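Chain lettering (A, B, C and D) follows the sequence in which the chains are written, and residue indices restart at 1 in each chain.
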Amino acid sequence: MARSGKERFNDVQNQRPSARFKLTRVGVTGVKKPISIKRPGKTVVLTATIDMYVDLPATQKGSHMSRNVEVLDEAVDRSFSRPVRSLEDLAKGLAAELLRRHDYASRAEVHIAADYFLDKKAPSGRKTTEVYRLTAAAKGARDGKSANVKKSIGVEVVGMTACPCAMEGVREHMKGTHPEHAKSLSKLPTITHNQRNVAMLRLDVPDGLDIEADTLIEIVEGALSTPTREILKRKDEAALVYAAHANPKFVEDVVRDILGQVLARYPRLPDDVEITVRSESEESIHKHSAFAERVTTIGELRA
Amino acid sequence: MARSGKERFNDVQNQRPSARFKLTRVGVTGVKKPISIKRPGKTVVLTATIDMYVDLPATQKGSHMSRNVEVLDEAVDRSFSRPVRSLEDLAKGLAAELLRRHDYASRAEVHIAADYFLDKKAPSGRKTTEVYRLTAAAKGARDGKSANVKKSIGVEVVGMTACPCAMEGVREHMKGTHPEHAKSLSKLPTITHNQRNVAMLRLDVPDGLDIEADTLIEIVEGALSTPTREILKRKDEAALVYAAHANPKFVEDVVRDILGQVLARYPRLPDDVEITVRSESEESIHKHSAFAERVTTIGELRA
Amino acid sequence: MARSGKERFNDVQNQRPSARFKLTRVGVTGVKKPISIKRPGKTVVLTATIDMYVDLPATQKGSHMSRNVEVLDEAVDRSFSRPVRSLEDLAKGLAAELLRRHDYASRAEVHIAADYFLDKKAPSGRKTTEVYRLTAAAKGARDGKSANVKKSIGVEVVGMTACPCAMEGVREHMKGTHPEHAKSLSKLPTITHNQRNVAMLRLDVPDGLDIEADTLIEIVEGALSTPTREILKRKDEAALVYAAHANPKFVEDVVRDILGQVLARYPRLPDDVEITVRSESEESIHKHSAFAERVTTIGELRA
Amino acid sequence: MARSGKERFNDVQNQRPSARFKLTRVGVTGVKKPISIKRPGKTVVLTATIDMYVDLPATQKGSHMSRNVEVLDEAVDRSFSRPVRSLEDLAKGLAAELLRRHDYASRAEVHIAADYFLDKKAPSGRKTTEVYRLTAAAKGARDGKSANVKKSIGVEVVGMTACPCAMEGVREHMKGTHPEHAKSLSKLPTITHNQRNVAMLRLDVPDGLDIEADTLIEIVEGALSTPTREILKRKDEAALVYAAHANPKFVEDVVRDILGQVLARYPRLPDDVEITVRSESEESIHKHSAFAERVTTIGELRA
């Protein structure tokens, strides 16, 4: 399905389709590329997976899909001589360029996702390298001769939640089986189930506002019972596990605390910024997961 | 995260949350259950994966998640004594029951997906058993004392698309390299790339209207270059591969032809029925996929 | 790639290959079928995924792959009139039939995997339906006019492990920060990290010996800190979480305790039976997993 | 499960286990890290996924797993000041270091996998960036005071196969339906099914022998009907699709041609080098895949 439309052959894409419906999104999915990107104080190379679409009018049979990958390849090549500022800036540039090259399209959409590494600290201050997931998206609409493109940024963080409800239940249970220790049990954080939690925060990035992925990761890690760390020597492990139990959280709490922190850290975010926050716990006591989500705007959150 | 809320313990879920935001969806994801379901002339058992959510008001700390799985288990048990009519009817019943058991919730949402098998025929008439994917969803909103629940049905079909654009390109190419065969090349379907296509059709099912998954599968298979079949002896294989090349299709064509067929087969569908159609080709000439989608209402399609 | 080899066409598979190497395994992978199978007191229908191979001599260009799916379809159809005794018996029958239909082959191999459901009990005795993964395999070698086929059975169980090492670390940590509760902390199970553990047991099933999947699942669940359960009301949750902490386990412990139980429960297993046991913890404090495995024979375990 | 074993706490890992069995592999799986690696003429950064194991004697309860990730983190940090020569050299270094730090272990094993990008050419010579999968492994055995470590390298390539059997079948079919074009049909490559093929080559890398991943990728791409390319303008697409049909291949052919090329390109490979070659076609006419594999030694191939 090359379909460049610029060559001498009979151009199948430009033919009239049999069933005349317009299409919402037509494009390529699952394209993998290395991207060179500027981060505070350094340049990093990410392995990104990209989806790129435009809409298609009812009068045209096919989209010229090879143009999508051409647009991407040119941007990738440029990134190695001049690293992009962020994945969302890359997405925005790609969406604008899609509208330029697909003159029949009125909208364009780009999604990018990549693993991303940051140096973090264990409780003792020891350095550990942690993996996160970055996502970026851009949606463009043709507006006369130019294009109106909105971009968004997202982070996905694996951390730990300890269940507050089971902690109360276990406390009662242990008071019953060990009444002689009831006083200590009442005073101390105690046993509960804890597990991997995958928490996600995604929001629009208005022009002129600086929203750093590293800050969003910090917000999400701060809303979990504790972050996870790849290297934990014994004292670090004890400190981190204790800290999680001193800060038990439902998936609901994780979502709400992220929402609260976003409002606090970004007071200048316009009301029409769309935001999605999600927390999913891979429950250690069940074979299924527990899930909470809020999809809303900054304006609604402030109301 | 048991959280049934019916017992004597201090009920953590009913406490006030620290950050007071309502939540869009709270529940369980990835629950697996066997479901017994009535199909034309028989009863089949599917292995289903289910997600179940309700919303949560700002005033309540946690949802009582164990109720979700209880509701599901009761429905599963019932299905073995009295098989459900369809996955979407099951989803609808579950959503209504979620609203009954979560009195603080104003909305409920259920998603179900399962592999599903049908006996089909190879070109020679030989029977082959084919696998499809069924999905069902229901969204309920509390409406005074009762609930208003909308259900939807979806099918995902793996089939084959042969590219019409590359066929023209190869034809020109071969006329150039084999001019002595130009006449035959002009008259016959010829070489092109072909590949697995995953096509999806999902739409609301209004009350009182009968929409059968088997019919939707038929519509989707009919919109591909050809369906795929698990057993193809040599003559069947030749007939099927030839048929695909006599009927080359873009992902765009697949989506449009499904849309056209839905309008033709279901003239009584109300205008407000939401419909999503998608076709994704795992391109044999690329490492990425080609994608087309329409998200709309029946009313817009008729306009 | 139909390739039945029984028809009048020029049979490409029977041609001589250009590079004359024999092949270890040639066949079909990822075939999905419903299977009707007899379990104690009932018949269940599983959605199975099947791989089927034979070897190929250096002198033959291609294997007749459509025969594999034909053999499978016939067995599937038979299972609905007369349910198979077990997945491993089905695998054995398929491997024997592959050798009959591929006369050029000297070996055959079949793998089957399926989700499987059992009714279990929460600590209170309340019924919950739990999902497990069954696997079965068979390897056949041609032996004169008949075939020598060995079969094996496997179970994969999701359960919970609580870390014994972190429990000691947290105990020391809490004694330091709460010296007034040192005595209680020394006497009681306390806080640790716990998480989903995926444990697997697979072993050969010698002819004449009855090894039930349900028993293997029982063995594996018994070797974890606790099994997980899909429905846990508050008291059940407390009891289960407490039980896990009273029985902390490394992945190493899980593997060793399964090995010990297999020896104890099946004293008549021959020495040459091959066995693999694996335990993988999706660590709640790390983004990676902890893993332990033993691959051996019953004879070596007894030594 | 921190378990460093170097600290003052009661060291749970060094305790005697209850069931006294040795374990084959104990370690960490799914660790993600960025790796800086030297390639011909440049340095590239890969996002790698790593598994690291040692064995465990029957007398020891637990392995000190945090040492594995420490060893890895140190190597990753070093790679950014001094890029590693290859993933298999990195794996070898890690395996040797695991044996140094786990003094109770007699064997160590490391697996690394990463996406990898190369600039390739479309038929017209136009540059396209293509994604491949690299794998590396090392297995070490303690040998007195030093360690004996073997390394291996692997590549996974997505390309295209066109079926030779269906081409003959379609030719016969078309001669029957279009007898007036029988002569052209006999002379030209014609219609067949074609699809994505995932082909894999993995072999031991003996000390002193230089085996480049880029060369292995070239060998595998050369054994497919054609490689796939991410950007194909219309003439390129026609040329590539035609080339695939002029070079139809079974999965069996792909495996055999890779084996033949390895023997031809590496005449100095010792006989005891282990090699695995695999080809899997995601059949465009079926919902399942076709598979061929050879697992052997270079010596057996030469026999």
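Here is the rule we use: a contact is a pair of C-beta atoms (placed from the backbone, for glycine too) under 8 Å apart; a residue touches a chain by one contact, two chains touch by 3 or more.
None of these values were measured; they are calculated from a predicted model.
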### Intersection of contact partners for chain B and chain D
A, C
### Message
Farthest chain from chain A, going by the mean of C-alpha atoms per chain?
### Response
C
## Note on the structure
Chain centres from averaged Cα atoms put chain B and chain C apart, in whole Å, by 30
### Query
In angstrom, rounded to a whole number, how far apart do the mean CA points of chain A and chain C lie?
35
### Query
Counting in whole Å, what is the centre-to-centre distance of chain A and chain B, each centre being its mean C-alpha position?
25
### Task
Any chance you could list the residues of chain A touching two or more other chains?
1-3, 9, 31-32, 69, 131, 165-166, 169, 172, 193, 230, 232, 234-235, 237, 283, 285-288
## Note on the structure
Residue set of chain D touching chain A in the complex reads 1-4, 6-7, 9, 31-34, 44-47, 66, 69-70, 73, 76, 114-115, 117, 128-129, 131, 230-237
### Task
Could you pull out which chain D residues touch chain B in their complex?
130-131, 158, 160, 165-166, 169-170, 172-174, 177-178, 181, 183-185, 187-196, 228-230, 232, 234-235, 237-242, 244-245, 282-288
### Task
Can you check the complex and tell me which residues of chain A touch chain B?
1-3, 9-10, 12-13, 17-32, 51, 53, 56, 61-63, 65, 69, 163-166, 168-169, 172, 193, 250-253, 255-257, 259-260, 280-281, 283, 285-296, 301
